[in-house]
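Once you scroll down, you'll see the structures, which are given as structure tokens.
Shared between the two complexes below is chain A, which has chain B as its partner in the first and chain C in the second.
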Partner chain A sequence: MELFSTANDFLLWTRGDAFNIAVSIFLIGVFIRVLEIFLMGRKVDFSEPRGTEWGPGLKNIITRSVVDNGTFKRAPFVVIVGYIWHIGFFICILFFIPHIELINAMLGIKWPGLANPLVDATAAVTMFALVAMLWYRLTHPVLKFLSTYEDYLVWVVTFIPLLTGYLAYHRMIDPYPLALGLHILSVEVFLIVFPFTKLMHTITLFIARWYSGAMMGRKGIES
Partner chain B sequence: MNATTKEVKNTLSLEKGINALKEQIDAPTAAFFSSCVNCGLCAEACLFYTETNDPKYTPINKVEPLRRVWASEYTLFGKLKKALGLAKPVTDDMLAEWETLIYDGCTLCGRCSMVCPVGNDISTMIRKVREGMVASDHAPEGLVGASTRAVKIGSPMGIRLKALEAQIKHIEADTGLTIPVDVQGADYMALLSSMEIINFPEYIESLAKIFKQADVSWTLSSEAFEATNSGIQIGSSDIARELVQRVVDGAEKLKVKYVISPECGHAFTAIRWDGPNLIGRPYAFKVVHILELLDELRQAGRLKTDGKLDKRLTFHDPCQIVRKGGVLAQPRNLLGQVASEVVEMSDAGKMNWCCGGGGGVSANERADELRLQAFKRKKAQLEEINVEVMVTACANCRLVLEEGLEENNMDMPVLGLSELISEHLIEE
Partner chain C sequence: MNKQTLLEMLQQQGISRRGFLKYCTAITSMMALPPSMMPAVAAALESARRPSVIWLSFQECTGCTESLTRSHSPTVEGLIFDHISLDYHHTLQAASGDAAEHAREQAMHDNKGKYLVVVDGSIPLANPGYSTIAGISNLDMLNETVAGAAAVIAVGTCAAFGGLPQADPNPTGAVSVSSLIKDKPVINVSGCPPVPTVITGVLAHFLTFGSIPELDSLGRPKVFFGQSIHDRCYRRPFYDKGLFAETFDDEGAQKGWCLYRLGCKGPMTYNACATLKWNQQTSWPVESGHGCLGCSEPDFWDAGSFYKALSIPDGDYAKASGYAVAAGIAAGAAAGMLNKKTKSDAVARHTKVSVDDFAVNKETD
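For the complex of A and B:
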């Protein structure tokens, strides 16, 4: 039995049923993961605080995005390439005009996008940075030692949406509905994998940074 | 013990260890594990990695036993994996292997917690892993011995009241000062670390001189003079609680307003931050670190000193007092009053590198070689600034630094800050 008789059928499926399934798994999964964290709770701290928790916690959410000097000097590659691909990835997601239109159609919010050639160049740089990161993970003694199958899985599901988006934009897969369908499908795979892997850090790092900032703030240590 | 009995014993202790780890997991721990992306940057903050280049010392690797317990017990997906037999379990062999990472290759210095880009407080998690290690009989001999002496004798170095009394008598005869003991209703009760009593009694003398001049009402307690808390180092809340309770009982019996934590790093963490949580209630008194008190006296103009040490010196920040204790400005303020040329090491302050012997490492003989290897970091820091004297505020740092300097043929005295101040007091 043929699943899709035409490329258009495939595109429609990725935009319809597949999309709904992926978004549902993503939302429910993320909700459960976040709930699992907060349900663990935190013991009351009876020590006399020297400072507050909320402010330093929130501040830590911002300041942890800036690398400290010592780490930068010791690991410039991870820091620079890490910044490049994260920023590039978000530019591609949030400032490509067709993406903004999709979000507007779904949620009714929009913002100005970037010119297509700019996003195109960003996507190329981001993919290049991701490949460099993968090479580093495979060769650096610490990263090689720490990495598990999950790190590579997460790399693949992050890279493929960029690649398929790039191929679709440049009409490098024929016919176009197939190219677009593959791109959407790869994003759906990303969304489905998200709650079950360390892709979750996108959300939980805000919680983690708040907790560590709050603990520091309580002791009067600048976060 | 035959093979089967040994197996049964290991299974039982493993179960205890895993239960202890389960008890340690809270919302921050769950958030931290959910956020780690194995970026490896914490390795660059750890002197056991930077000085050995061995990836096994990467801080996040040290908490793997805790991560496994979290994943298989407290996440839906992990529970599913466990049910299908796909989860990697924590085994007794694993804990045995991790023992050296947790106790020899970590001083709980907390640098990793400062650099983690997702904000994971890794050193707090390592402290939690130690609870599982103790419960499963995987703590090093040196620390087990120290903890046993602390509980039975009252001091990890086996120092009894008689030894302290002898030192007090000695200081009183030398200086003509009185060291108050068991004074009811004094404002401050001073704690001492074993190392200060035995190796650096100058600290006691300094307190007596400074407090006399500044007219501070203080006392020692014959029942609670020991500040060191081996329970915190080995990672046993039960032992730590018992030792904190002794101090609390002593202070409440004398009805003091404040307890002074001495020049000892983990003692401050134990009594200031962990203590109330160990005994499950706030104290009836406040805890101050000696440097906090001295700086208060300085601000109030009650610390009258004369002259300055005319030598190029640097201050070594004890991790538990500065990075993890929040006492950062005080030592600098105080040094400004008694030293003419203070040069900071690179990374000084909250990012300072550990001496290599904190967190019980210096009490664990097995780790001696690794500790001296880790000291190369301090050596490199010192070589950059070319100083004549090092000042610190932790008796353990001081001993570890002295040994490291000697091993590296570096001729440099290490002074305690309180002692340096007392040397510059105006004689009345």
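For the complex of A and C:
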């Protein structure tokens, strides 16, 4: 018996059971990882605080997202291309109208989207930047030495949703339900891999940056 | 097969050669053939004899027949239907019972190997008694009739893909024609109902070339099902600009903006509605303000709400997410506890070593 009788059948599966499975694994994984971090706790600090924690913590989330001069001078390529693809990736996810529809259906919130050609161009630039990042990783001797299997896995699961989305939008895979199904499936793979790889930095970076800022604030140092 | 050629029949009805050539031009363009092919089409149709057509209606709603009989003379489809020999169509024919069945058998016998079989409706396999004609089960009648046919045209989504009868949980075990007929060419003309012009286009192709048109992966003629509704939709520029109707009566709807957010399935639907239109090219669903239902695609009844955007998941994701969050919290708390226990166990196992301990060791040496 064939697994899927038609491309539509496949699309229905990716929009139905596969989506539920992927979202469930994603949520379970994320909650385990975040709770583990918070439940780890910290030793009670008996020293007298010299400042507040919350304000400097939140400020640090922003200031640490801005490039400092030293890092930029050391690795301008990583900084520029890294910013380009991260911002492009989020524009594609958050401002493509069909994606907003999905978020609205699931969370009940929505915002204005961008015109399709803008998202399309962003996707192309983002993919180009991601390929450049991979090329840099493969050609930089130190980076290549430090790269693990996980680094490449994460690159692949990030790149494929962009590629399949681009192919689906331009209808370069025939028939369209197959193209859309492959795109949705690739995002589901991304969701499943997310909690168990360094993709978790999407969430943990806020915790980490807040914590460093809060510690600095407590010690009376500018975050 | 009737002795008269198509041209002779048209002349009998007072249609001039000029009119005939105009009709051939329309057919040529409809079949997406280059204009240079027009003389070939005319030559083929001039000498074409009326092919015998046997029309079998199985598990269907007669919507397909309704659609096809709405072709008003002198449209292309009207002319074609006047000039095929529709020898058996138990919904339309005057004869009934044995006389009707006799007509079918006669047509099969007289035109063996040459007649066309048009099927609308799916075939029930769960129990042959679910749908019978003159006491003959649909499956038996299909096999018997198709045995001597030149080709089979599956009209409508029920015949082409199982359609509504096959929708979950498919109580009659309904299947499509192409899943049963493997030794004859089967042309799927899907749609619920299909565009009448598409049927006549397929018939015209058969008359002109004596072969079946090029088909897509789902067995549909590429000429009509080669492009999606979305690609040919006149509202497409609004999609690209990000202008959408959000309800059926808002400003966007009044201005004719894209219906994607209201659940239009145009992007995944391959059909000719956007170009051929309906009711003598009056309008088509999207032009009338309603999104495409995707009726020419397999499983369209089971593809979720007609009013949900295509990008929205179809399952009960809220429930699944709820369980997942609960499970994640429980598992995360358990993992946290386990980590704490590991930590406290390590502390408990830790034995303090003092200078005296070393002294004792020294003595024992």
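Just so we're on the same page, the second predicted complex is superposed on the first by the 223 of 223 C-alpha atoms of A that agree within 3 Å, B and C clash if a C-alpha of one lies under 4 Å from a C-alpha of the other, contacts with A are read in each partner's own complex, and residues count from 1 in each chain.
Everything below uses one rule, namely that contacts are C-beta pairs under 8 Å (C-beta built on N, C-alpha and C of every residue); 3 or more make two chains touch, one makes a residue touch a chain.
Since the structure is predicted, the reported quantities are computational estimates derived from the model, not experimental observations.
*Asks:* Consider chain A as the common anchor and indicate whether chain B and chain C clash or fit when overlaid.
*Replies:* Pair status: fit.
*Asks:* Figure out whether A:Ile62 sits in contact with chain B (first) or chain C (second), or with both, or with neither.
*Replies:* It touches nothing on chain B or chain C.
*Asks:* Touch check for A:Asn20: first (chain B), second (chain C), both, or neither?
*Replies:* second
*Asks:* In the superposed arrangement, does A:Asp9 touch chain B (first), chain C (second), both or neither?
*Replies:* The answer is second: A:Asp9 touches chain C but not chain B.
*Asks:* If we overlay the two complexes on their shared chain A, which of chain B and chain C does A:Leu114 touch? Say first, second, both or neither.
*Replies:* The answer is second: A:Leu114 touches chain C but not chain B.
*Asks:* Can you pull out the angle centred on chain A between the C-alpha centres of chain B and chain C, to the nearest 10°?
*Replies:* Placing chain A at the corner, the angle measures out to 170 degrees.
*Asks:* Report for A:Tyr211: first if it touches chain B alone, second if chain C alone, otherwise both or neither.
*Replies:* first
*Asks:* Scan A:Ile32 for contacts with chain B and chain C and give back first, second, both or neither.
*Replies:* A:Ile32: touches chain B and chain C.
*Asks:* Should A:Glu101 be classified as contacting the first partner (chain B), the second (chain C), both, or neither?
*Replies:* In the superposition, A:Glu101 touches chain C alone.
*Asks:* Under the stated touch criterion, which partner chain does A:Met40 make contact with: chain B (first), chain C (second), both, or neither?
*Replies:* both
*Asks:* Taking the superposed arrangement, what is the smallest distance in Å from a C-alpha atom of chain B to one of chain C?
*Replies:* Comparing every C-alpha of chain B with every C-alpha of chain C, the smallest gap is 6 Å.
*Asks:* So which positions on chain A get touched by both chain B and chain C?
*Replies:* On chain A, the overlap between the chain B and chain C contacts is residues 32-33, 36, 38-41.
*Asks:* Across the complex, what residues on chain A touch chain B?
*Replies:* Chain A reaches chain B through residues 32-33, 36-43, 45-48, 50-51, 60-61, 64-65, 67-68, 70-71, 74-75, 78-79, 82, 140-148, 151, 154, 196, 198, 200-201, 204-205, 207-213, 215, 219-222.
*Asks:* Going by the contact rule set out above, which residues of chain A touch chain C in the complex?
*Replies:* 5-9, 11-12, 15-17, 19-21, 23-36, 38-41, 97-99, 101-102, 105-106, 112-117, 171, 174-177, 180
*Asks:* Could you pull out which chain B residues touch chain A in their complex?
*Replies:* Contacts found on chain B: 25-32, 34-41, 43-45, 49-50, 53, 55-56, 58, 60-61, 74-77, 113-121, 124, 272-277, 280-283, 286-287, 323-326, 328, 347, 350-351.
*Asks:* Would you tell me which residues of chain C are touching chain A in their complex?
*Replies:* Touch list, chain C to chain A: 161, 216-218, 228, 230-231, 239-242, 244, 260-261, 267-268, 270, 297-300, 302-304, 308-318, 320-321, 323-325, 327-329, 331-333, 335-337, 339-340.
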